[in-house]
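A quick write-up on the structure given underneath.
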Amino acid sequence: MSIQSTPKQSWWNRIAHPGQFVAWSAPWLWPLAVLTALLFAMGLWLAFIDSPQDYQMGHTVRIMYVHVPNAWLSQFVYGVMALSALGTLVWRHPMADVSMKAAAPLGALFTALALFTGALWGRPTWGTFWEWDGRMTSTLVLLFIYLGIIALWRAFDDQLRAARIVAVFTLVGAINIPIIKFSVDWWSTLHQPASVFRADGPRMPPSILAPLFVMFAAFTLLFLALHLKSMHTEIKRRRIATLQRKAAQGHTA
Amino acid sequence: MIELGPHAAFIIWAYLGVALAVAGLVGWTLLDARRTARKLALLETRRARK
Amino acid sequence: MSGFVAMLRRELALSWRGGGNVLTLVLFFVITGAIVPFAVGPDKPLLARIAPAIIWIAAFLAMLLGLDRLFRPDHEDGSLILLRQADLPLSAVIAAKVISYWLVSALPLILASPLLAVLLGMDLPAFARTLVSLLLGTPALAAFGAIGAATSVTIRHGGLIAPILIAPLSIPVLIFGVGTITAAQSSAAPLFLAALSLMAMALAPFAAALAISLAED
Amino acid sequence: MSGFVAMLRRELALSWRGGGNVLTLVLFFVITGAIVPFAVGPDKPLLARIAPAIIWIAAFLAMLLGLDRLFRPDHEDGSLILLRQADLPLSAVIAAKVISYWLVSALPLILASPLLAVLLGMDLPAFARTLVSLLLGTPALAAFGAIGAATSVTIRHGGLIAPILIAPLSIPVLIFGVGTITAAQSSAAPLFLAALSLMAMALAPFAAALAISLAED
Amino acid sequence: MTDRHVFPPLAMYAEGLACGRAGMALCQDLNFSVLSGQCLLLRGPNGTGKTTLLLTLAGIVPPLAGSWTAQGPQDEPAPVHYCGHRNAIKPRLTVLENLLFWRQVNGATGVSAEAALVEVGLGGLEDLDAGYLSAGQGRRLALARLRVSLRPLWLLDEPTAALDVEGHGLVTRLIEGHLRMGGLVIVATHDPIHLSHPAPVQTLTLENRA
Amino acid sequence: MTDRHVFPPLAMYAEGLACGRAGMALCQDLNFSVLSGQCLLLRGPNGTGKTTLLLTLAGIVPPLAGSWTAQGPQDEPAPVHYCGHRNAIKPRLTVLENLLFWRQVNGATGVSAEAALVEVGLGGLEDLDAGYLSAGQGRRLALARLRVSLRPLWLLDEPTAALDVEGHGLVTRLIEGHLRMGGLVIVATHDPIHLSHPAPVQTLTLENRA
């Protein structure tokens, strides 16, 4: 039996230090970026060249390849944020609040894009840009929540201090989002007979599924890459704030 | 150029919008990273000088 | 317990004397409701149709906008630090605040709602249901609101942040509130509304206390 | 003149950095507009019918509620006393504040209005008229608002007093604003709106300066 | 000082305490122990972290490193009272109402609110709205709160700010009385404080780290 | 003090001045005249109306009776600068931006904002957000504003509040420099102020009206 004299640092502890986190994760950035670009190229090729039009929706089905990944990310990113919030409050991981902050604008943008592409899809298929359909409406509310969180971050003078408070709010939001989703569904079905847009949708043939999944992967990797990069930037920004404040004391008379 | 049917405009706008937004996001992320890095470097050297 | 009562008494005294706050909020509620006809035009059936919506939106906005004075004055004059060190647990302090907030904002607003009902030409049964829905729903708004107010308390002049944070989260209250008024009698909306209020009132003091105790000065 | 420019620059810098104020106000506008359907129900023709009213009321409320930060921060941190003693006349100080308030509140709100227009199912011509009416009418709201804010600046935590004072005064703006959108092309509403704005912008700085210089500390 | 109530023995220890703002240390490696009946004076130029240290000890600002304990009799944390730059006074309540509220919320001492007001020189102003107090009078009201709250541990941040000469004496008297009752005082101030028994006073000077 | 600019002769007269709050007189029948290069010290216990008197002279609170004039060279009123309890600092602007703004709005003196910051001991903090300043540092920034504003007449309300010992010296230096340039200072304070030439100092003590 051997006893390790120096306890081996787990990756969890290693990335707990901002500098080490950057050092540990920086090598991932380029491969991620390249892979993302490749996937996008492939996805676009599949989406435009190599896939047929849908028998019902015609060519507009191609909007789906950007709409659905964005819609998925809009929810996934909130999950990332909620998990980071837990990390901030419960495990007190120093990188968790950086992750939480970096994710918010990304999530907001993906949500906005889901709405945008959905609206452009709605016009040719239902003849309107916007319908108060349950799913669309709850996506809109999600966008408001994202924007509220961003406004909250920006409103704090001191980002380090803001983190745990924003985390509390993010978690409250995470509990509330299912309630919102349920109530919005209830609301729109109460007033409207079956929506034009059925939840299950038509069963999709593989020729549609393939580009969908590739785009899916591409957008997810895009998120991961951007998330990592903004985390690095955020770490540097905090270092700047610290240095500036250090100057504050060094110079007092 | 491939056929996109009667609703080509919507498809193109959708992809264009997404492309612009993603490009903007990537650009802004990189710009922000560069700006922050430069500012940090400036501060570090200023500190080192003292 | 005597601390809790003292807290409650203080909050009520403060909002009662504090610059006619109660009156202000009621006026805001009435004015918001009353300007709608000016904007929509004098179309009576239309107004009657949207009257429940107007009353609820006005109440919603009034409740959210009054939030700013839940913790901010105490933060700015240094009382909040002392309250965090009081014998009373912080969540009890917050519960007292939420209860008194409901008493001085929601209650007067409910009392003033007949005025709006008359202005908007609501009929009596609909108005009765409006009253019920406001009574059931406003506690949830106050409780959610406390979380938003606690979150933004250290933000200087962050008066509008809390409403913005909380409005999306409170949409279920609005939906079930209006649902209670418009939907048929068999609807489950009042039940949901009551459940939301109970849940929010039970949990919000703890979440808000957490947010406040995480705030530095 | 350089003082005026400095004042303008400072106000813009403050609202740009100050707690994401610009974002907050725009969000308030959009959220207020977007929660209406939850209360009214997803009834598209009805929503389209009341869309101009909703947009104007949301803009009206957002403009009035943002007012609180026109003079209050300066009052609370003691800057207002110094501004009263500045080389620049107080009315010029206030004019700079009103202009920058319009730039950071009304303008972003106008830019965000297409979003509401889409959500509420407005058609393109109506939306174009909405833009015009907002451009013509919001200066009057900012100017009237300055008077209300000046009057209530010494009231502690009087955040909602100014909106309540000003809302009744501003109802003409609302009426002509909605009138510009809904009425036929020959209507005089846009003219009235423009006249109101011009008059208010010209007179309000003096009235507000008077109110402030009468305030004790 | 009329009441002869005496606090159970307590102590405030700091070990290797580092405190600061926003993750940046202002004072490092502080070690002190203050016992019942002792007073710790914090001194140092502007911006060296006196207020930050007091807020850390009050539990408002988290410490960066090290630990501190405010140990009461049954090993439970002793309740503190922080008296800072802001007076925590509600302008719309009367002077007496302000004081009575804190008396109830903090757990009352034997001292009545009226007696405390007389003690700090605000006798006769009970029914005045507290918003009309001058800077120094407001500070006196904040000091009166110390007398009516059952708090063995006082954290005072520039208690003499805005006070006149007589007021400086008042602060000294209050501190001495509290120490005599077995209380414990940590006070940050730029003004000289002369206790009649200088023995129980320790001084901690925070330095500018250049 | 680098610049040798000298203000034109000016004077502050009060004749039978009574000032107070809400119609209630705090000090009555005040007569004084302060000329260029002179300093008036206001003293008195808490709540005797020092702040009220300063605000009256600044034109913020209307006088109850009598009159006062701040006479400039061409018989026009001389511009005053009131420096009160609150520092008029915007937390989100940097230290330098705060100062530059007031320099432009008040009419600049020959002193640059950077030089003024160095003078008050805030050199090197130009780019820091002003919200991060400690109590004493904030006060120093408020004092720096005096140096960059072309104001012959200073009304200072407890300028030494929150300042450390070195800061007291700074206030004295600032007042002396201003007097030497032909300025005029009225200052209310509880702290002793020792000017090197005590000749130009008058003291006005406000009494408690029991």
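The first chain written gets the first letter, and so on, giving A, B, C, D, E and F; residue counts start at 1 in each chain.
As a working rule, contacts are C-beta pairs under 8 Å (C-beta built on N, C-alpha and C of every residue); 3 or more make two chains touch, one makes a residue touch a chain.
What you see is a predicted model; the values in this text were computed from it and never measured.
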Common touching chains of subunit C and subunit B: A
Subunit E and subunit D - chains in contact with each: A, C, F
Greatest separation from subunit C - chain, by CA centre: F
Most distant chain from subunit A by Cα centroid: F
Subunit D against subunit C, contact positions shared by both copies (same if over half, else different): same
Whole-Å gap between the CA centroids of subunit B and subunit E: 53
Whole-Å separation of chain centres (CA-atom averages), subunit A against subunit E: 48
Intercentroid distance (Cα basis), subunit F paired with subunit A, Å: 54
Subunit A and subunit D, separation of their C-alpha mean positions in angstrom: 34
Subunit E: positions in contact with at least two other chains: 21, 45-47, 85
Residues of subunit D whose C-beta touches two or more other chains: 18-19, 24, 27, 31, 38, 41, 73, 156
Of subunit E, residues touching subunit A in the complex: 21-24, 26, 45-48, 208-210
Subunit C-touching residues of subunit D, taken from the complex the two chains share: 18-19, 21, 24-25, 27-28, 31-32, 35-36, 38-41, 46, 49-50, 52-54, 56-57, 60-61, 65-66, 68-69, 72-73, 155-161, 163-164, 167-168, 171, 174-175, 178, 182
Interface residues, subunit F side, partner subunit E - complex: 21-22, 44-47, 49, 51, 85, 121, 132-137, 139-140, 158, 161-167, 190
Partner subunit C, residues of subunit A touching it in the complex: 141, 144-145, 147-149, 151-152, 155-158, 161, 164-166, 168-169, 172-173, 176, 179-180, 182-184, 186-187, 190
Of all residues in subunit B, those that touch subunit A in their complex: 2-8, 10-11, 13-15, 17-18, 21-22, 25-26, 29-30, 32-33, 36-37, 39-40, 43-44, 47, 50
